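What follows is a pair of complexes built around subunit A, which joins subunit B in one and subunit C in the other.
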Partner chain A sequence: MAEYYGWAGKILRVDLTTGEITTQDDAKYHKYIGGMGMAYRIMYEEAPMDLDPYDEKAQVIFGVGPLTGAGVPCSGRMNVTFRSTWSKGSSIIDAHMGGHIGPMLKYAGWDGIVITGISEKPVYLRIEDDEVSLEDASDIWGKGTFASNKWMVEQNGREFETASIGPAGENLVDYSTLNTSFGNSGGAGLGAAMGNKKLKGLAIRGTGSVKVADPKKVLELSNYMMGNLIGGNNNHNVPAQPQSWAEYSATSGKNRWSGAPGRMWKKAPGGPVDTGEQPYNDINKIALRCFKGYFDFGAPAAEYTVKNGGCSSCPIRCYTEYDVDPLADYDLPTHNSNTCMPVLYGTRVYPDGVHDFKYEGDGTMVINLAWSHAVDDMGLWDNYGNLNRDLLWILRMPREEATKYISEEEYDSLPWAWEKAGDPRWEVELIRRMAYGEGDLSVIAKGTLAMMEKFGLPKSWLDRTDGATNSNLMYNGFPNHHGPAEAWQVGMLYNLVYNRDCMIHEIVCETGSGAPYEVTKKVMEDFFGEGCYDKAKAYTPINENKAKLAAYCVNDKNFHDSATLCNWMWPMTQSPSKERAYHGDLDLQADFMTAVTGETYTQAGLQEAGERITQMLRAMTAISFQKNCGSANLRQEHDAICDWVFDKEPDFKAFEEGTTKLDRADMEKAKDLFYDIFGWDKTTGVPTRETLEKFDLGDMADDLEARGIYDQTPAGETAASEAAAQ
Partner chain B sequence: MAKTDFLTADMTRRQFMKISGKSLAGLTLSASMLSLFGCSQKQVDSGAVATWALPQGLLVVNADLCTGCQRCEINCTLTNDGVCSSYISRVKIQRRLNLDGAGNGLLSGNDNCFVYFPDTCRQCEDPACGNACPQKAITTNAQGIRVVDTDKCIGCGACHEACPWHMPTVNPETGKSSKCIACGACVAGCPSGALSIVDWDAVTSAAQAAYMDL
Partner chain C sequence: MLFGRRKPGYTTTVDAASDPEQVILDLQKAEMAAKKKPKAEVFDIDAASETARRLKETGSMFDGSAAKLGEDVIAAVQKETDALAAKQAEAQPALEETAAPHAAEKPQLLDFLAAAPEAEGDPYADQPTVTAPELPKLTPAQELAGYIRSRSAAALVTSHALLVSEVENADELLAQMPEDPQCADIVSRAGAKDAYYYSSANMSDNYAMIAQLIEDKDLCAMVAEMVRFNARVYPSATPLRYFRRSPYDLTQEAIEQTWQSMQGKPEYADIEELTNNQNERFLFSTQHLTRRYAKAISDVDEWTD
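Presenting the complex of A and B:
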């Protein structure tokens, strides 16, 4: 194998049917960066979208990139590519994991693992540098992810990083995860994709290194980033509370830079730790900036916090680690940690509300932390809250209405007394039923679309304006995730691209930063052009710079999941530094690529590399939609927007101050601009031959042509002309 | 200890070397000393704080502040090896994160889930690593730091085996022992302040001030 800077230079191929394990030089994939980009190219070439997601030949591809494990701050990510079983079109999809396992894969000498085949018996993949083997996992098949990960470490040694699926994945529950470290997971049905292959998990130890072309430069750039550019979690660039060194604090008093004098980690073994002030240029206090628990739950969080945690290489510690002792009264684990959806939505399954446990106002927190541990242990995904929203929709119905959907026997078997009492065992029991596929209710964990089909709900069910039980932006089975409510038309446009929620944080990191609007607007307009950055609830009609910004976000995110960098932190758009007029440095990620790989990269080059991935995604989505939905007209079949986005808040018209609703005709114009930027046919939303050839993807153009996708005639008038006619 | 034990930085260092290898639990520190170490008496009492007497100052490791980010390992290896690695790092946190062999770590499933902290080289006065080296490749330099002479090192791993904490590690890519040279890169880049080095003159002044208060 050739030696590279950044890239390990080889990928691992594992056929679970035959047990064959081989090695492949991966230089030919370097133009796809790594991670997501590399996996898309491999899957396109080897496991066409025609395959059933559970076909023996279907692939699960673990991918890291040149920056993973190279010491770049916030680079501890691993991307996993596979096929969706629950969103419309059964198309290509990714899960994204933090923790410590991605860098460890690099230290073991691998840029990726391509898994094919189906094992006869449960196995886990053991990697110790070049020694790779499939090991018997029958002792942990059926066990939760915490016990399984512990077992794998005990079996192999404490220097191993592990990841495990839980019962949800084993039982082919579509909403399932792969879990690593403590609460770090990749979702989107990855658990079931592995469960179908009888692959319980991974155990990896690497004694090697990531070679970097210019180590001094990597250190210099890291110090520059940590001393001048980085903010709090989501790169929020002003502290939530006033600090003596800071010109600004969050205008709302709240953001994810939530550590502050008097805000304590009260359950630290050696007594309370005051998170104190964290001047922006003090590298040794960065880890105290984010106090995610305080952001999520306010003062009660401090009572239960032990310390902060997070991923390898990242100075921003977005996981709060708790000891929630009231849960011991219910025989539930008290040590819990997560940063995202698992700690935010547990209370949704308590239509009668929750109560305080030990401290005033701690009810939401205790219930959510019980949810977090239970879903992480079962390896159950929530599809960014659709699991909780769909459960709430039915759980809050009167018995006679709910039993139209689930049997009376099942309804009466639910431990309702626990729900009424706000008992955390209620949610744990619901989670168990979901993870084991028990009863009619568990169809909810097969996906919103599967639930709608089973319950006979019409497509218009997704048009409802009840935000508590419906936030689906499109008709594809996944919800709003940083969409138009935070990012106007830009948020709607970038949500159109993927086959799951978009996982794009480029804009919400700015709108949620807490800096005064005018300060952030100046930064954004200096980087992305006039008129790109609307004020909260005071939106303006679409313009070209907004469409360009949306396209930038898509390409940037795709680069991040390929490099790999954390998209919650990168790019460095804003800075906490007054001296910099709060401007970050968008070129820094390219500078890191150059320093690590020794090849010259520019931000424009990274956009091009990211767009190559965008085009592959779009072409592969068209193929899967043609096969599974009968039409590859993505404008109609994939990019249609639910009515509530335009019809909510009836007292307002779009673009009036006070609403985040969008306008139909304006949004169709926005799609026209967006498609134009990406070189997609305006009628079908499919990349043209010229576009694909521009990105050296001529073989994909040939494929689309051979499949007749370029010949397709829209089934009727386009949405754009419909809207124009209104 | 008497006030006269802290008349010079060198004397102070020797006093602290006596307690190296243990946590500070059981010692009552003055307010100025606590401020200097960035910790509380309760943290000292709980065993969360350990100190190691390095030639250039007192290394303070505060387990309650460690958030497991591995930046100490990153900065160590980029600085000293020109590559990024965990295994050969001279400061080691990864091996304590999941299960540390003493009942702590994220996967322990008990009350010590969130107890993890970096292991550091102690720069021992009587170094087991150096004593065990068949090539006499580990020597003391002018600053009093025990360093590996890579020309002599044959990568046999005797230093790794002999060290009670297995801190020196043979780099599988170079075949040489990667032993800590107390460069301070891990401390400088620690984003939580879990690692710090306090200059001996400052420790001496604080120790003297404490005795003045008595």
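Presenting the complex of A and C:
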């Protein structure tokens, strides 16, 4: 194997059917960066979209990149690529994991693991540097992720990083995850993709390191970033409440730079810790900035917080670690650690509300942390709240209405007394039923589209304006996750690209920060052009710079999941420094790539690499839609937008001050601009031959042509042309 | 060796035999001498937090609480460091006794490091040792500026009344500051009843505005001013609970009383209340926001993380 800077230089190939384990030099994939990009190319070449997602030849590809484990801040990520079983088109999809396991894979000397085949019996993959083996996992098959991870560590040693699927994955529940013991998870159905292969988990120990071309430069860039650019979680660049060094703070008191004087970790070992002030250039206090628990739950979080944890190479520590002692009264685990969705939506399954437990206002927190532990243990994913929204939709119905969808026997078997009492065991029981696929209700964990089919709900069910039970932006089975409510047409455009929620945080990092609009607007317009950045709930019609910004976000996110970098923190668009007029440094990620790999990268080059991945994604989506939906016209089949996006808030017109609703004609114009920037056919939204060849993807163009995808004409247009001809 | 060796000059060490008070004063002087470095161009800990950090490195429990209570900061620091030195002196024999049985088998860390071989390929091996700059002698005006600066580092503005009560010729020294480049960071701000001083190196102008409003102790004026500021600058309505947080730290009762007494007064006619869709109460200024827009941006939408 050749030696490289940044890249480990090889990938691991594991065939679970034959048990064969081989090694491959990965130099030919370096132009796809790694992670997501590398996996897309491999899957396109070896496991075409024609395969059923559960076919023996279907792949699960774990991928890290040149920056993973290289000492670059906020780079402890791992991307996992596989096939969706729950979103429209059964197309290519990714899960994204933080924690320590991605860097550990790199230290073991691997840029990725390509899993194919199906094992006869449950196994886990053990990697200790070059020693790789499939080990019997029969003892933990059927067990929760916490017990399984513990067992793998006991079997192999404390220096191993492990991740496990839970019962949800084993039972092929579409909403399923792969979990570490720390609450880091990769969702999107990864658990079922592995469960189908009888692959229970991974145990990895690496004793090597990542070779870095210019370590001195990496340290220099890191110090520059730490002292001048980095903010709080989501790179929010002003604190949540006034601090003496800061000109601004979030008036709402709610952003992710949530550490502040008086905000305490009251259960910290050795006594309470006041997170205090954290001047932006005091690098020793960066880890006190993000008090995610306080952001999520407010003051009650302080009562239960032990400390903040986080991923490898990250100073932000966005995983608050709690000891929620009231849960002991219900025989539920009290130690919890998580961030993001698992701790936000548990209360949704309590239509009658929740009550306080020990401190004023702690009900939401206690219930959500019980949810977090239970879903993590079962390895159940929530599809960014669709699990909870869809459950709420039916749970809040009167019995006579609900029993139109689930049997009376099942309805009556639910422990409603616990729901009425706000008892955390209610949600745990619901989660258990979902994870084991018990009853009619569990179809909800097979996906919103599967639920609609089973319950006979029309497509218009997704057009409803009830935000508590419907936030699907499109008809593809996944909800709004940083869409137009935060990023106007830009947010809608970048949601069109993927086969799951977009996972793009490039704009919400700015709009959620709480800095004055004019300050952030100046930063954004200096980087991305005039008119690209709208004021909250005061939108303007689409323009070219907005469409370019949306395209930038897509390409940038794809680069992050390939390099790997954390998209919640990167790019360094804004800064907390008044001296910099709050401007970040978009070039920094390219500078890190250059310093780590020894090859010269520019921001434009990273955009090109990211766009190559965008084009692969779009071409593969077209193929899967042609096969599974009968049409590869992505503009019609994939990119259609739900009515509520345009019809909500009837008291407001689009572009009026006070609303985030969009305008239909304006959005179609936005799509035209967006497709134009990406070189996609305006009628079908499919990358043209010229576009694919520009990115050295001529073989994909040949494939699309051979499949007749370039010949397709939308039905409506055909009818219109025929009418015109007559 | 796991992390390679640290080179001399990498960390600040304080000679235990030194007079703690002198150590602090020297550090303050060094800070002033070094204060003119650009902040954003290269990595550089802000002079403000540097003071607090170095004070802590000496072992002081200084956390600004003395300043917040209106006590003399330097005296408080001196008291704390004296107490610490005494405590350390008491603890030393006990520590030595405890360590004695293991001394033979466990070498001292510094001896161990000195005996360890040099790390190979250490890119920092050729870095020169940093020596402390020559400390300038401070003028009385510069010393007073240091006092204001240390209070700013503790998130406090310093009233003119406090200065003249503590320093006989305070006005004379304050008058000298604008002419002295070493005091260029000292800024004054007129409040309702007094003038306030702060270091712009240690405190932002907007925070000084908040601190001044707090010092003015006119809650109605403070609430109105901040509600207008937030509506104009962000723009944002202001949740009532904004004033429960640091640095305001008002009780809910005080906020309610303040808002009640503002209502009906012509000078606060532009301040109005709204309730958002989560039943949270906000104030906003009609000078800068329409009610319709203020309500819309205060409502909490469905969101995901």
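One rule holds for everything that comes next: the second predicted complex is superposed on the first by the 715 of 726 C-alpha atoms of A that agree within 3 Å, B and C clash if a C-alpha of one lies under 4 Å from a C-alpha of the other, contacts with A are read in each partner's own complex, and residues count from 1 in each chain.
As a convention for this text, a residue touches a chain if its C-beta (ideal position, glycine included) is under 8 Å from a C-beta of that chain, and two chains touch if they have at least 3 such contacts.
Model, not experiment: these values are computed from the prediction.
Undergrad: Here subunit A is shared; do subunit B and subunit C fit on it together or clash?
TA: They clash: once the shared chain is superposed, the two partners overlap in space.
Undergrad: A:Gly232 contacts which: subunit B (first), subunit C (second), both, neither?
TA: neither
Undergrad: Check whether A:Gly658 is in contact with subunit B, with subunit C, with both or with neither, and answer first, second, both or neither.
TA: A:Gly658 sits against subunit C, while subunit B stays out of touch.
Undergrad: Would you check which partner chain A:Pro687 touches, where first means subunit B only, second means subunit C only, and both and neither mean what they say?
TA: The answer is neither, since A:Pro687 touches no partner chain.
Undergrad: Kindly classify A:Pro215 by the partners it touches after superposition: subunit B alone (first), subunit C alone (second), both, or neither?
TA: both
Undergrad: Taking the superposition on A as described, I'd like to know which of subunit B and subunit C A:Asn284 touches: first, second, both or neither.
TA: both
Undergrad: I'd like to know which partner A:Ala536 touches here: subunit B for first, subunit C for second, both or neither.
TA: A:Ala536 sits against subunit C, while subunit B stays out of touch.
Undergrad: Which holds for A:Ser312: it touches subunit B only (first), subunit C only (second), both, or neither?
TA: first
Undergrad: Running through the overlay: 98-106, 134-142, 152-160 or 188-196 are the candidate stretches of subunit B; which one clashes with subunit C?
TA: 134-142
Undergrad: Both subunit B and subunit C touch subunit A; at which residues?
TA: Comparing the two interfaces on subunit A, one with subunit B and one with subunit C, the shared residues are 215, 223, 226, 283-285.
Undergrad: Spell out the part of subunit A that touches subunit B in their complex, as residue ranges.
TA: Listed in rising order, the residues of subunit A that touch subunit B are 69-71, 73, 100, 103-104, 107, 129, 146-147, 149-150, 153-154, 158-162, 181-182, 206-212, 215, 218-219, 222-223, 226, 265, 268-271, 273, 283-288, 306-315, 317, 321, 323, 333, 335, 337.
Undergrad: Taking the touch rule as given, give the residues of subunit C at its contact with subunit A in the complex, in rising order.
TA: The contact residues of subunit C facing subunit A are 38-40, 42-46, 48-49, 53, 123-124, 152-153, 155, 202-207, 210-211, 230, 233-239, 241-242, 245-247, 249, 290, 292-293, 295-297, 301-305.
Undergrad: Going by the contact rule at the top, pick out the subunit A residues touching subunit C in the complex.
TA: Its residues touching subunit C are 215-216, 223-224, 226-228, 241-248, 251-253, 260-262, 277, 279, 281-285, 339-341, 344, 384-385, 467-468, 471, 479-482, 485-486, 501, 514, 516-517, 536-538, 577-580, 657-660.
Undergrad: Enumerate the contact residues on subunit B facing subunit A in the complex.
TA: Touch list, subunit B to subunit A: 39-40, 42-49, 62-71, 74-75, 77-79, 81-88, 94-101, 105-111, 113-115, 172-173, 188-193, 196.
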